[in-house]
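By written order: A, B, C and D. Residues from 1 in each chain.
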Amino acid sequence: MILRDPVHGLVTFEAEEEAVIVRLMEAREVQRLRRIRQLGLASLAFPGAEHTRFAHAIGAAHVMQRLLERLRRVDHSLPFWQRVTSERARDALAAAFLHDLGHGPLSHLFEEAVPGALPHETWTDRILLDPSTEVHQILVSQDANLPRRVSELVRGHHELPYLSKAVSGTLDVDRCDYLLRDAHATGVRYGEYDLPWLLRSLQFVEGPNDRERAPMLAIDGKKGVSALESFVLARYFMFQQVYFHKSARAAEILVKRILQRALYLVRDGVPLPSMPAALASFAAGDQPSLADYLELDDQVLLGAFHAWERTSDPILADLCKRLRARKLFKTIELYDADAASISEAHEKAREIARQAGLDPDVYVALDHASDTPYSEDSSLLVVFPKGRARKPSEVSMVLDRLSGAEYVRTRILFASELRESMREALIR
Amino acid sequence: MILRDPVHGLVTFEAEEEAVIVRLMEAREVQRLRRIRQLGLASLAFPGAEHTRFAHAIGAAHVMQRLLERLRRVDHSLPFWQRVTSERARDALAAAFLHDLGHGPLSHLFEEAVPGALPHETWTDRILLDPSTEVHQILVSQDANLPRRVSELVRGHHELPYLSKAVSGTLDVDRCDYLLRDAHATGVRYGEYDLPWLLRSLQFVEGPNDRERAPMLAIDGKKGVSALESFVLARYFMFQQVYFHKSARAAEILVKRILQRALYLVRDGVPLPSMPAALASFAAGDQPSLADYLELDDQVLLGAFHAWERTSDPILADLCKRLRARKLFKTIELYDADAASISEAHEKAREIARQAGLDPDVYVALDHASDTPYSEDSSLLVVFPKGRARKPSEVSMVLDRLSGAEYVRTRILFASELRESMREALIR
Amino acid sequence: MILRDPVHGLVTFEAEEEAVIVRLMEAREVQRLRRIRQLGLASLAFPGAEHTRFAHAIGAAHVMQRLLERLRRVDHSLPFWQRVTSERARDALAAAFLHDLGHGPLSHLFEEAVPGALPHETWTDRILLDPSTEVHQILVSQDANLPRRVSELVRGHHELPYLSKAVSGTLDVDRCDYLLRDAHATGVRYGEYDLPWLLRSLQFVEGPNDRERAPMLAIDGKKGVSALESFVLARYFMFQQVYFHKSARAAEILVKRILQRALYLVRDGVPLPSMPAALASFAAGDQPSLADYLELDDQVLLGAFHAWERTSDPILADLCKRLRARKLFKTIELYDADAASISEAHEKAREIARQAGLDPDVYVALDHASDTPYSEDSSLLVVFPKGRARKPSEVSMVLDRLSGAEYVRTRILFASELRESMREALIR
Amino acid sequence: MILRDPVHGLVTFEAEEEAVIVRLMEAREVQRLRRIRQLGLASLAFPGAEHTRFAHAIGAAHVMQRLLERLRRVDHSLPFWQRVTSERARDALAAAFLHDLGHGPLSHLFEEAVPGALPHETWTDRILLDPSTEVHQILVSQDANLPRRVSELVRGHHELPYLSKAVSGTLDVDRCDYLLRDAHATGVRYGEYDLPWLLRSLQFVEGPNDRERAPMLAIDGKKGVSALESFVLARYFMFQQVYFHKSARAAEILVKRILQRALYLVRDGVPLPSMPAALASFAAGDQPSLADYLELDDQVLLGAFHAWERTSDPILADLCKRLRARKLFKTIELYDADAASISEAHEKAREIARQAGLDPDVYVALDHASDTPYSEDSSLLVVFPKGRARKPSEVSMVLDRLSGAEYVRTRILFASELRESMREALIR
């Protein structure tokens, strides 16, 4: 199989150990990822951001191929039983390709919006392990234990920690791909970093102590520090520009309000048209069946929202119409605010909504977004041909300065018709 | 308004004459373009190709901005009444932004697939001119005649032909944007050409004869020939790689078969769930109302296909399942075949299907795709500081060689389960 | 004039106010910049880094064009006497184009290597103001005061500080171009930042106090913060990867040693072949004449080095041969070293050289390179539609963290034949 | 060894079989290529085109690495004695790296300009085979027969023709690199083509007949046709835009005139300062010694030209000054001209020069440049999984149309002071 990928260019799955990807690509549960956008509704802020989890899955598998190529160049320093065998490569490729299988519609947004929804990792696990899925059947046809091994890799466990960390860790193939892919689709070039150089700078070192003598990956100190810095900064920039973008956040709030309202109505006995079975289960306080969950995708969810524009509940209908017509909530950012002034601003905003006859639980939101771009932990070291291994912060001025720093955006969001009164009351 | 576009980078609509774009962007009929993919189902062949008509509309307006900037640099050679006024610029921008307003779901595919469907240009016209649309209302709020002028520009008419040709002509802003955008999204880099240089090489010349003294745009022969060549070749490559890609064509055939079957069933009195009102009108031999037509988009159509997986008609259900699970028809290409051998091959293929118990009208298709990358006409000239204007073919070896050449791909498509017998029968 | 630039693409100088660039490009003193590499001998570390000051001068003028375009979009907020007139634009373009006119061979390296050499800024001034130069004559033919005004702009003075800061300031066109150009030529992509977005985010604000009511440029806080961050980080990365690259520094040390030795020999009465007149003047403790200085370029200097391979002084001959054959000094980096341990290491290294029969003043060097990527000063503010202006560090986590931080690399350099003994003695 | 290359990004030579590159890079004769510009004086037309043969040699070796990687993926279809062994890979890498070793100053220009100069291929051969060179010694230290084998590879001979054609053939690594590199340095993006896809589309097929049963490389017809088309077109565009650019050609003419004049004077007994020994040999009708030839490089030649600005021969001095100050000859292009009208125009131009007191043999030139972008030969086939191999023109409309077509530019060049009278006389 040979593919054009807008991010990585030529992508091929032609080796023996890659055949599993080709077969998995046909699976119904994998094809479903074509209908789940990688960035949820960020396309409402970045018109190009329509890319899907399916394209990302291919990209993550491709990065894994390149990582495996690097590992095999350097694994002669390991005892042979710790090297990358063909079987381990196959497992890692399958895990990279399938790591996001369990995402609900609109990706992360769904599980955040639906109270009680299981995290997507749990659904990934169920899809891998349930004998009814095509993914499971394909994996089993290769090796009866493959579903379990892939599941463990995705959850970060493997006898060779360097493999499971490549699927799920600080420098994993997931992040390696999504930063580049989100940058490509949004046009936010800051998210680009130097993937070839980063891969080239990986080396094996012994684990730090007797209990963890398993080899781990480290950064070549002569060559790789800036690749690591740029990777960390790329992530920072993507949070700043895209993931915390005010319109993207406003769209997310709207989806959450819609889902909350819909579940509330259903629990209240109000019938809603086009209600997906999985959502009905959530409303009833149950977890949906796997089959019902897999029916859920962006198309189905947004199709339901569209149908709800004509329900009798005026609030639900109104929220759905706002989303479809992109009448997003407006935003006021609170700079340098402490907890007291934030909650004061929030209360003021709610009062303004109340006076305008709008339910503040629906039409006002406090959005507190935060991320820590870089936290030093013991699992990533920088090594030199001679001399001792060092922490990244010892050799990088930038990482030293950023380590542990939290990046925070605090905003009040509200229905757009409240803009004038909100600005008057809240902007200093 | 300031936007990030993955193709053009920074896009701004901040000038007085650009304010119309900002207002139009809020219109319901424009927001609808977010739900119509630029390349229909080409994403089944190119996982990145999820980009929408909405993003393309922004891109086309942006190219128009840049074209207007160029025109204003050179329009001092024209009498003042033929120059780019602020009003004309506004009209041209609106036309560039709205030129695709009438597209049905999956873009071109829909009008090709539904017998009797009006072309999207007619729907664009109706949306522009119908007082009920938000687009119309916004245009009218600027100038009562604006809907009519935009409509004429989109259809290629204007007192200044250089303006209408910029909206709809050989070198129009539509094509300028979509080649780059499709190239970006698919990863087919061959579709990239040198837009800045092409724009820079445009100059005004007098029209060729007394009846058409109106100024027209020409290419600067000292600088612009290779920009023109690369533009023509970019188009050729995109047809070769993307628009005529075998899986993209196979997906299109499947959609056509689904729509044909569904319309046939409805006409036959079989009720189908989730039937969009517009499709029901088509089935009844009527044109849908504008409101019904505007309800149609990719989400609605694919939602209907999804519902039809559970209809009682086994063929419709089967086709819909194939599409969703991406079990596309397979392809055999006929190289250098003449009409007789093509029809012989087609008949053979139909016979094979018949023997396998499959209706050949449904499960076999002959796909004859053709395009002429470059045809010389009198409307594009190459000019020099001294000496006479020349045709492109006089100064370009490549255009001379390509002029009039037809690019053809002929293929037999068929349900994938027929692959072995088809290959045996048809490949020489 | 229309040019292809590998960094900026299409570059044109076609407007009335840009005609000065076209004329200046013919001047002998400008053509000389073709023979001066932008990065001195960094091509010994980065094979692609052969780009010249001439290409950079064009790039800086191009960035100035784009900056002026931005300023004119926003200068309606200024009183008319503070706006960008055509004359001021012409002056600023000329200053951007000519700002590096006075560089000696190998750019910065020369003035650092020759004791007593005037800084290149002084030579730029002399070239601008001396009636014998073609540059002066061209400027004067436009306006008798133009040489003086350009000279002042280059030195950072103008009645409108926003113009002079654009030629020489934190965000000047010089740096805007050289970061991108050095990144392009070396292949160090980290040096790329978002120039269009940075330019777009510039706005006018009133100067901070009564004495400085002149308008200054500020960053749009809604849109421009990450463009500014990426610009600062690009500079950091270029220092880390290129300007402080060990082989680039080693080549610089070698050139310095050659020049020191040659000047020492000449002062000592030893005649050297192909001695450029300007160097002879420096040796005699004089400043060279302008004509002699202008004869100096990379070609002349490296030609002299080549000739000196056959001089009788064994040290000079040896150093010149090393440079030509790229037998650069080797490097040991001192991490986290304090002054005492640095000087101890240096002394050890000198002793090793001595024992090996090599003059430590020639064959050993201590290289202490440092740069402060970002220092907050009062001249750059971030502004918002409402609310007060803020310092960059108030709105940027990254700039807040980096502000004032010094980036330091300390290395011992030595002749390559000493490598083994040096590594043994110095690496911990 | 790990390098940043502006064209290919990360370049590493770390494998056992690549060690030869690392050692060769230190050789004096390889370092000399740093002083020879890839495109001669094209930088007078494209300010960025300062890149050297040294950078190109690295690039060619890198492309060879990637080609070898592809060959090894598909060579299991060959009998084992025809596969890519480690030794063959080493030889091919060395040949790719050294293929341009014999170039004189300013690349091709030199051997065209000096009557009787041996072609650079002959010098390459001498450098490889002469025991005095460092290159030879390094090769011999690996294998006594390596110099001979590399020499044969460079000249297109090897027991495995697919290897020698990779060094010197239609799709060789030389061309693969220089098209991309020249495109990168000049900013002429049209020279970019899809290298990864081209490499991926290579496959082995049996040679066409009994006598040539050796395996040869062919293009995968399912995937590779457009990569091949874009490669051919890239070459066409580079000729059109760069190699035949009027200022580049004008600079070449000037260099030729200078060298002709200098050799004429020397033969006439006029002593010239800074005369390189190799040129003196040419003047005496001899071939220079290898040592003298290797002393020649851009720096030495341009240094001589600079010195000759002060010779007593007014014509030589004048030509040298024109080159340094970039007062190039001007150009009038003759479109669609037949032999008679060309020679008539040439005679007119000479007469005009004569009347202006300028020697027409020096100050007028007829420049007839031609290239055939694509000629079909039997050595390149397109293959399919089933069915017979085909010629490229059978499967590519563009190659069919272009095959055999000659691209021609005919120009009269003359001293710039003759411009007005020339234009009056020659432009129709």
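In this text, a residue touches a chain if its C-beta (ideal position, glycine included) is under 8 Å from a C-beta of that chain, and two chains touch if they have at least 3 such contacts.
Since we're looking at a predicted model, the values are computed, not measured.
Trainee: More C-beta pairs touching across which pair, B-D or A-B?
Mentor: A-B
Trainee: Centre to centre, using CA atoms, which chain is the farthest one from subunit D?
Mentor: Relative to subunit D, the chain with the farthest C-alpha centre is A.
Trainee: If you average the Cα atoms of subunit B and of subunit C to get two centres, how far apart are those centres in Å?
Mentor: 49
Trainee: Using CA atom averages as chain centres, what separation in Å is found between subunit A and subunit B?
Mentor: The mean C-alpha positions of subunit A and subunit B differ by 33 Å.
Trainee: Determine the centre-to-centre distance between subunit B and subunit D, using the mean Cα coordinates as centres, and give it in whole Å.
Mentor: Using C-alpha averages as centres, the distance is 42 Å.
Trainee: Going through subunit A residue by residue, note those that touch at least 2 other chains and give them in order.
Mentor: 9, 189
Trainee: Provide the residue numbers of subunit C that touch subunit B in the complex, in ascending order.
Mentor: It comes out as residues 2, 9-10, 12, 14, 73, 196-197, 200, 223.
Trainee: Per the contact definition, I'd like the list of subunit A residues that touch subunit B in the complex.
Mentor: Interface residues on the subunit A side: 3-7, 9, 26, 28, 31, 34, 43, 46-48, 50-52, 54-55, 58, 184-189, 299-300, 302-303, 306, 324-326.
Trainee: Quick check: in the complex, which residue numbers of subunit A touch subunit C?
Mentor: For this pair, the touching residues of subunit A are 189-190, 192, 194, 225-226, 229-230, 233, 236-237, 240-241, 335-336, 386-387, 390, 394-395, 397-398, 401-402, 405, 407, 423, 427-428.
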